[in-house]
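What follows is a set of notes on a single structure, which appears directly below.
As written, the chains take the letters A, B, C and D, and residue 1 is the first residue of each chain.
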Amino acid sequence: MTARVRASFERQAMMSTLGIRLAAVERGRVELVMDHDDRFTQQHGFVHAGAIAAALDSACGYAAFSVMPPEAAVLTASYTINLLAPAAGQRFVMTAEVVRAGRTLVVCRGEATTEGATKPFAVMQSTLSAVYDRPGITH
Amino acid sequence: MTARVRASFERQAMMSTLGIRLAAVERGRVELVMDHDDRFTQQHGFVHAGAIAAALDSACGYAAFSVMPPEAAVLTASYTINLLAPAAGQRFVMTAEVVRAGRTLVVCRGEATTEGATKPFAVMQSTLSAVYDRPGITH
Amino acid sequence: MTARVRASFERQAMMSTLGIRLAAVERGRVELVMDHDDRFTQQHGFVHAGAIAAALDSACGYAAFSVMPPEAAVLTASYTINLLAPAAGQRFVMTAEVVRAGRTLVVCRGEATTEGATKPFAVMQSTLSAVYDRPGITH
Amino acid sequence: MTARVRASFERQAMMSTLGIRLAAVERGRVELVMDHDDRFTQQHGFVHAGAIAAALDSACGYAAFSVMPPEAAVLTASYTINLLAPAAGQRFVMTAEVVRAGRTLVVCRGEATTEGATKPFAVMQSTLSAVYDRPGITH
């Protein structure tokens, strides 16, 4: 399972472009790490919510993928993100956990925290689809 | 108003990094354009939902900003995105409109469409905060 | 299709308990109507958001159901509601439309408006599942 | 604080109509309880998602209210609910916790569980507004 998650993660150009790394994978739980990068800031100099959302979305996606059957591919159906505070600091940790997994839908929750902080600065509730036998969609 | 929107947009490094341009601005409505770029793809070769979400989030943010008083800054409080189909194609158009504006909260809806297509491949419902007099947060 | 929608609607005790009626049904679009009722108010005397959400959820659910194959049942997977203003007035109209329909997921948007008003006081973005052959789940 | 929460809860006709009780209140955390009632079912005989959403919305609202200043009133700005399984069983427990509280916005997460079960059948992520000095809106 871990090998499947790592192999899929490495095929996402967006993750390497944003400098997001896979820090931990277990069944139903994934942790990603991302550093501050001036290329991905918003107008106030903090990392753009878009980069944080992309990281949280991937964390939820791989947490869901980690509980899916080997023949399934994962697609995000929808997510809701609350941005609680700016992404201030040098390093951000995104953790995601599966809340409940059905055969075709998996629901996850994720949190983004500045390294060392106790409270998240963003939280996500995400709905992922398990896709089977769809041409062009591999895991 | 248009000048305020354009000036704020140009201070977002994330927008130029992702190649997102401001295509149209009017009171309560904003249109952004983005081209396919291999650096921002997911594991199936389509543009990553994270890039689309960042563009839709900005479209909603600037639509909200366009109806706020000149002294307000805008922050995304939360959004929900539904990803209806992969971001397939060469050019994507993100449009956002204000649904209703209060003094401190503005709600917008956005759609992402492949240029020339009739149905959106992603839709967003977004809640934006108008921020007044917060140190470090300018428009 | 209209007959299937009406028959399913009439089996929902919650709709008759809340006094919600089916006002219009066409393929991909449903309109429900509900009157102010003191039994369903919140602490400020307006109709509770829970009643409005139940009505909007049903409107989205039946809009989705109206485009599904006859053998499918519909379940709400998730929705996001924004409450823009109190539900003030005597009669409320909930309209929902399908944004895009896949085989297993349908996305709808809904609006709740006080009769005669131009702007909605609540908006919903909803993800519905088409369920096939699940014991105990009929349409 | 507990007295303020209880007094406000008792002014919501919707809660007594649905048979929802306040089971526990502490700073930043609220627990509500609701029994199965045939008047509030959907077409498959389970309690309607609208009743569950109303209960979870109230749980999040009072969790937020419990950390607000005494002069604030609370309004739900938006929420996202995922319905993971039908509301099967005789008694349902809704718990909500504050994730982070700002001066005007409070974000909460809630879970609905059948009494005795370990996994939630519904989860909510909610954005609440603290309202000050708005005519007609009291706590």
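Everything below uses one rule, namely that a contact is a pair of C-beta atoms (placed from the backbone, for glycine too) under 8 Å apart; a residue touches a chain by one contact, two chains touch by 3 or more.
Quick caveat: nothing in here was measured; it's all calculated off a predicted structure.
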Which chain's centre, taken as the mean of its Cα atoms, is farthest from the centre of subunit A? C
Subunit A onto subunit D, rotation angle from CA fit, given as a multiple of 5 degrees: 180
Give, as an integer number of Å, the spacing between the C-alpha centres of subunit C and subunit B. 28
Could you state the distance in Å from the CA-based centre of subunit C to that of subunit D? 20
Could you tell me which residues belong to subunit C and also touch two or more other chains? 77-78, 80, 82, 107, 127
Contacting residues of subunit A [partner subunit D, same complex]: 80, 82, 84-85, 99-100, 102, 107, 109, 119-120, 123-125, 127
Residues of subunit B that touch subunit D when the two form their complex: 77-78, 80, 104-105, 107, 127, 129
Which residues of subunit B touch subunit A once you look at their complex with the stated criterion? 8, 11-14, 17-18, 38-44, 48-51, 53-55, 57-58, 75-83, 136-139
